[in-house]
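You will see two complexes here that share chain A, one where it goes with chain B and one where it goes with chain C.
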Partner chain A sequence: MNRAALGALLSHWARHPFQLAMLLMGLALATALWSGVQALNAEARAAYASAEELLADGGLARLEHPSGRMPDAEFGRLRRAGWMVSAVVEGRARLGQARVTLLGIEPLSAPAGGTGPALAQADLESFLSGTGFAHPQTLAEMGDNGLDLRPSGAVPVGMVLVDIAQAQDVLDMRGQITRLTLAPDQRKGLTPLAELAPDLTLIPPGEGADLAGLTDSFHLNLTAFGLLAFAVGLFIVHSAVGLAFEQRRGLFRSLRAMGVPLRNLCALLGAEMALFGLLAGALGLVLGYLMAALLLPDVALSLRGLYGAPVPGALQFNPVWAAAGLGMTLAGMAIAGGQALWRLAHLPLLAPAQPRAWAQASARARRAQAALAVALALAALGLAQWGGGLVAGFALLAAALLACALIMPVLLAGALALAGRAARGPVAQWFWADSRQNLPRLSLALMALLLALAANIGVGTMVSSFRATFIGWLDQRLVAEVNVIPRDPAEAARIRAFVAARGEAALPVQRVDATLAGQPAQIYAMKDHATFRDNWPMLDALPDLWDRLAAGKGVLINEQLAHRDGLGPGDVLTLPQLGAMPVLGVYPDYGNPLAQAVTGLDLFAANWPDAPVRQYALRSDAPQALIAALQDELGLSSGQITDQAAAKAMSLAIFERTFLITGALNLLTLSVAALALFAALMTLSGMRLVQLAPLWALGLTPRALAGLEALRALVLAAMTMIFALPVGLMLAQLLLAVINVQAFGWRLPMQLFPADWARLAAGAWLAVALAVALPAWRLWRDGPRDLLKVFAHER
Partner chain B sequence: MDQVLRLRDVTKSFGQGDARIEVLRAVSLDLGAGQSLALTGESGSGKSTLLHICAGLEPADQGQVLIGGTDIARCDDVAAAALRRASIGLVFQHFNLIPSLNVAANLAFQARLARRHDAGFQADLAARLGIGHLLARYPEQLSGGQQQRVAIGRCLAVRPRLVLADEPTGNLDEATGDSVLDLMLELSAQAGAALLLVTHSPRLAARCDARAHLRAGRLGPGAT
Partner chain C sequence: MPFNSHRLKPAPPRPPPPPAPPPGGGAARPVGRALAVLWLGLVSAQAQGFAGLGLEVEGFAAPQRGHALEFPRDHGAHPDYRIEWWYLTATLSDADGQDYGVQLALFRSPYAPEEREGFASPQIWMGHIGLTSRDAHFAAERFARGGVGQAGVSTAPFEAFIDEWRMISTAAPDQDALDHLELRAGTAEFGFELTLQATGPLVLHGDQGFSVKSFDGRASYYYSQPFYQVTGQLDLPDGPVGVTGQGWLDHEWSSQPLSDDQQGWDWVSLSFEDGHRMMGFQLRGHDIFTAGTWVTPEGQATALPPGALRFTPLDHAEVAGREVPVRWRIDWEDGGVSVITEPLNPHAWMDLGISYWEGPLRFSGSHSGRGYLEMTGY
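Our next item is the complex of A and B:
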């Protein structure tokens, strides 16, 4: 019995292959977008884990000097005092064609547990004699690099593992090391480190700038977008499943009449949905994998640019990811089909199938929908008022968006009723009344379109606002015409003297790493100079801040630190060595994940005299002449010199790459929504014949009817677009004022870009026109033949 | 008498090759203003096809279909629709009312399409059809008999020259069917419209002015 019944149920799809294709495609696309994003996240997280694993750094305590460097004599001194420490040298260097992180370790003293020491110790002799390791991708990127390197998948992409002496040579750090790692088990009764090495800071295991923590917000943003795309895809599935159930109502009645129990029928339909879920899920995983493989190079570059996170550009297949993706698909199918199954189980099969009765039943559903929308809106208001943290921010976003999506059909129905009342001609009256009647069948697709359009407007406004602010900020921050990186203190002194002799200004960039208010941070020095007084952007400041900063009577802090600790001008911040200092002002610091404080140069030099000059920002009226002179007379290499245009271009490139992924996901989401509308219109076109045939009989031509059908879809889409604008702007405001602040610590002013909206509206209109073209054309072409069937079937 | 409908040698077939079926073979008939003709025949004899050809809903293979002198078989889609809108009233077995419009709007619909809407005439028509109290209701809120009265009212409100009715009482019980047919005959005659009624029922056919029988695609004895 079940086999025969299942055959009858599946025969529907054989007769409606297009509907089946839409169902599978909707589910596959939803899965693809979701699992693609998850694949990107998983790949990046795996890379962070392997980076930590390399030295087991996450599990080891470290000793660091605030200047970021210490003499390697410290290593010997502490070893002789009985402390089990190991020296590490780390720095960025250009090797061959690529800039990489060079990691030098001392394999004999390195604590066990890290993959780096394990690699080195496997062939200690050759490691000590200069054979290092790098990921095959890094080796390919570097090309000829002058080092003897072996490929190893255990080394993260973008890193090179060598012996410490070799690293010191390449990084020009002879006699210096970056940090000391402490073995977990130390002998008892040793002289305390605070006494032995008071200049060194002990950083407990797991603290510091861990990549997973820093990049969390980036991944959370991607996840949120993936979830939105998945939800939009589910609208297609919900719509296709709902219509398939509606169309098979007669079949269900016949099967029940012929003795198939309701329980069996529901189980068979459940099995049918699971089968489709598995098929579409598998297809979606393939598409998602391809999408992730396509986007991963951009994500990898963004993460490397923003956080220095080593992420490979090639994707690995992970079975757990595939299983999770498939689970998500089945859950989505269950959500989409659950309502239809529940209806089947609870509603009488002989319920009126008249369209208006259907619409009236939908009116009840619409009232419930409106009530749910109000409840969600109230929840969103509550979250806005009392919620805190990124998760609450996303919950607020989800509640607000869903409330808008749910209330839209109610508002559309009202607008159509008003238009109907204002209509004068019979066709116009019918047009509006009929549009209203068919609204429930299209509302899911329109809700999907609303979400996609609102996401486009919201995210687009956020990115464009960010871009405009960022460019303005870059112009203010990157004022120096030339930036130079000295190789050592002696060269720094030569540069300073050389530039001063030319009557030009050399502004030193000096910093120490520190912990501020319990979080990893950097303290920078700022020379009292017109460059900063005239250009440095401030969000909020006390009067006379520059005089007070120069006099060492306070510090500036970045927005991230101000937001996380609720600090503002006039508040007090405790800094290592400086103690409590008043906050003189807060400055924007986009793209930097760390907290930052700025002191006057004199105060900095008095407290951290050993901090090296990392860079000089040079002011010059003739920058090209200065660059040439630096190269010719001081022998600086072109790699040490960056001009302003190059610095800005590099920063902008990172910015653009970061949002390239957002743009791609935006476009995909809109495509999915257009597909949802196309699927709904195509399916509806078959059901519409019964409603259109009488009008044809009464004297409207198929051409006019096809035109009216197209017009209806375009009018509904236009109404949805109008509604999407305020929803999108609300989304932008939430992203700028809530999500960004929670995720990154900076708030951006919202700017409006009507030209972008016009472009989006034109694009969406075109997508809708394409979606409506085929059903309308079919009605036009086959109109008389198909419409006649309605009358022929009466007999 | 003013000829409203004139068919000359109308033929129609479906399918091709061996599967070709000739549904109508050189059918000719005339119907004058105020006259009624009942068209009977077995299922599949081509009655509805003939009616659809008369309405311009389906093209004839050969022959003339003159509605008040205009050959609807030679009209393009737009001209056929215009002729149908202004001169032909159609009544179907399943009523085919517009579900999104209420009774009043359904009644007025075709007349307004043809720019011939007369509110007084419509009110009078609704009263005579006994649906004056149902004007604000929607089609699914009506019984079958009430829906068919609305369909007749819609068709007559345009003051058509030709009424084409395809089994108009097929979905109604006998008493309701009789009263609906009475109204249709009476109102058509009063309006001076020609009525072509397709029916299975000899009893109903007997109430028309003339009868014709379609057998194997040919009109049998009794054709006027």
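Our next item is the complex of A and C:
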């Protein structure tokens, strides 16, 4: 009996293959977007973990010199004093075709637990004699690199692991090391480090640039997008399942009449949904994997560009990920189909189509929905007022968006009622009244459209505002015509003398790593020069800022530090070696995850005399001539010299990559929303025949009816779009003023881009027009036949 | 103590080490294992790949009969030799008459026959310390490379060190550098601080320090200072203990392995109550190769020719999952010596990256006294 019943139930799909395709596609798309984003996140997180595990560094305290290097005799000295330390040399180097982080370890003293030392110790003699390790992708990127390297997946992408002696050679750091790591267990009664090595800074475990922490916001952004796409996908499924149930109402009745118990019927329908869930889930996983594989190179580039995070460009397949994605699909299917199943189980067997009763029932539902919207809006206000942190920021975002989505049908109903009151003539009055009556059926799809449109406007506004601000800021910050990287202090001195002799200015870039207010930070030196006085952008500053900075009477801090620590001009910041210094001003520092402070050059040089000059910013009226002279007369290589245009192009490229993913996901979300609307309209067109048939009988032509149907959809879509604009701008404001500040520490001014909205509106309208075209055309073509059936059938 | 690179090589089929980490081993174990592998690599490459090539090994120097040792120069390191060690053992007692044994060994094994500045140095150093009482045995190890001041042996003044473990000469300028030593080493768990005063001269083993190790003529340079009076303090988990006793320092270097068939050895250093000293060893291969040195209280040394000594195992103990002969009868018939050795603690297993048995003993029979026993390859 069950088999026959299942056959009858499934035969519906054979007759409506398009509906089946939509159901499966909606579910598959939802799964694909969600699981694709999850795959991206998982891949990146695995990369961070492998970077951490390489030295098991996260759990170890470190000793560093403020200048970033120390003599390697310090290692021997501390070991001989009984301290179990290990030496590390780390630096950036161009090997073959790629710039990589070269990590030199001392495997004989390295604390146990790191994958790096384990790799080294597997064949220690060859490691000590110069055989290193790199990720296969890094090896491919480098090409011929002059080192003896073996492939290993344990080494993060963009990193090369070698013996410390070799790293010193390649980085030109003979006799010097970057830092010491301290083993967790030390003997008691040793001479304290503060006494043995007073100029070294002890950095407790877990502090410092923690990749997972820095990139959290990036991944949270991706996750939020994935979740949004999933929710929108579920709207499609809901519509398709609703339609299928509605259309099979007669079949259910017949089956029940023939003796199939309600419980069996429900079980069969549940099994049917589970089957579709599995099918669509598997398809979605494949799509999600493909999408992630396609997007990963860009995500990896963003993460590497933004944070130097070593993320590989190739995706691994993870069964846990697949299982989680499939689970999510089934759960989504249950949510989307549960309502229909519940209704089947609880509504009277012979419940006729009672649109009016439905509408009245949904009026009650609408009131509940409005109440929920108000509650969510209040929650959003509360979060805006008292919430703190990134998670609260996203909760605020979600609450505000949901409140808008929920309140929208209420507002639309109000607007339609108003329009109906103003309408003249029976057809017009019917048009508005009927639109109101059908609003509940369409409201889910319209809510999905609203969310997609608002997300599009909001994210688009944020990205465009950011780009506009960023480009202006770059022009102010990158004023030097030429940048030069000296290879060693002697060359730095030669460059300085050479440029000074030409009557041009060489502004040194010097910095030390430090911990400011408990965060990883950098302290930069700034020469007193018109370049900075005239151009350096400031958000907030005390008077006589530049004179006081030059005199060493205070420091500048970046916006990130100011925001995280609640500092402003006039406040006092404690710096290592310098002690308490007044904050003279706050400057914007987009694209930098770290806290930063700037001191006058003289003060810096007095406190950190050993800090190398990492770069010179050269001012010149004839930059091309200067570059040629640097190459010809000083023998600098072209790799050491960057001109202004190249520097700007590079910064912009990093910026564009950061938001490439956002753009791609945005477009996908909008497509899913259009599909949801299409599904809803298809559903509706089937059910509305009952209501349209009398009008046809009263003399309206199928063509007029089809036109009215299309018009209704377009009017509703237009109303949704109008409503989406303020919601989108609110979203943009939240992203710029709350999320960005929490995630990155920057607050950006919002700028409006109406041309973008027009483009979006045109696109959305086109999508809606396409969605409404098929049902309207069907009505027009099959109108008389289908409409007659209404009278012939019992409905 | 015989020179044998095979001491670093566990006998081939051997059960894995017991799960419990040894005292003081702690977090350094994986490094220890890896370095043991390195050492085995250094040693076995020549043992397997270069066996039969005679005395020249890959650019490393080889000991020559007739070469005169010269001090203090030869107290220092010989970077062009493939393996070298300084090994001090001491038999001690506290005021209550409780016996203890202490050892500190510094091993050197380069992967190239030279020294280079900084981390580029190919010289790999390994330190072992041990402390044995009647019912406990502690062992710990350290690894380092030369060139950065973390480990090494200097001659003016004499100092052998790895990390904070060290053996430093406090001898007067007119004395031999090894006549007076200060020793200090330890871990979070145990340690010791000893002062050593020599009461006799250095003793050269074999033919003026050229010590033959097998019938096919493989050899090492090998000398000892067997006449130390020791005072000092042990740091035990229960607290410090003052001790006095006798000590024995070996210094040995070579580039040659033993024959391929030699699996390990048993070695003793014995201090007789009448002031004599005796060093003896047997190398276990297809044939048993024994040799030794008889030393009068004045320091007159007589080399015992191959076969003159006989080692007979009397009792085995299960140590670290192995059957180890911890009680021996040692006979030198021509000298009228026949003694039976009793270990202070049969479980004196040095469960480190490279593992072996090394512990203090008392002996009785024709003569009596105290000494140290080392057994490898079990």
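The rule we apply is simple: the second predicted complex is superposed on the first by the 720 of 795 C-alpha atoms of A that agree within 3 Å, B and C clash if a C-alpha of one lies under 4 Å from a C-alpha of the other, contacts with A are read in each partner's own complex, and residues count from 1 in each chain.
Keep this in mind: a contact is a pair of C-beta atoms (placed from the backbone, for glycine too) under 8 Å apart; a residue touches a chain by one contact, two chains touch by 3 or more.
Only a predicted model underlies this, so the values are computations on that prediction, with no experimental measurement involved.
Aligning the two structures on chain A places chain B and chain C next to each other without any clash.
Shared-chain residue A:I164: touches chain C; no touch with chain B. By the document's definition of touching, of the two partners only chain C reaches A:A122; chain B does not.
Of the two partner chains, neither chain B nor chain C is touched by A:D632.
When the two structures are aligned on the shared chain, A:A81 is found in touch with chain C, with no touch to chain B. Once the two complexes are laid over each other on the shared chain, residue contacts for A:E195 go to neither chain B nor chain C. By the touch criterion defined above, A:A183 lies against chain C but remains apart from chain B after alignment on the C-alpha atoms of chain A. In the overlay built on the shared chain, the residue A:D621 is in contact with neither chain B nor chain C. Once the two complexes are laid over each other on the shared chain, residue contacts for A:D144 go to neither chain B nor chain C.
Superposition on the common chain A brings chain B within a closest Cα-Cα distance of 81 Å of chain C. In the superposition on chain A, no residue of chain A contacts both chain B and chain C. Contact residues on chain A toward chain B in their complex (touch as defined above): 352, 354-357, 359, 425-427, 429-430, 433-434, 436-437, 691, 693-704, 784, 787-788, 790-792, 794-795. Chain contact summary for the complex, chain C toward chain A: residues 26-31, 33-35, 37-38, 41-42, 111-112, 117-122, 124, 143-145, 148-150, 161, 163-164, 166, 186-188. Residues 72-73, 75-77, 79-82, 84, 87, 106-113, 117-118, 120-122, 124-125, 128-129, 163-165, 168-169, 174-175, 183-188 of chain A touch chain C in their complex.
Taken in their complex, chain B has these residues touching chain A: 43, 48, 52, 55, 57-58, 77-78, 81-82, 84-86, 90, 92-94, 96-101, 105, 108-110, 112-114, 138-140, 154, 166-167.
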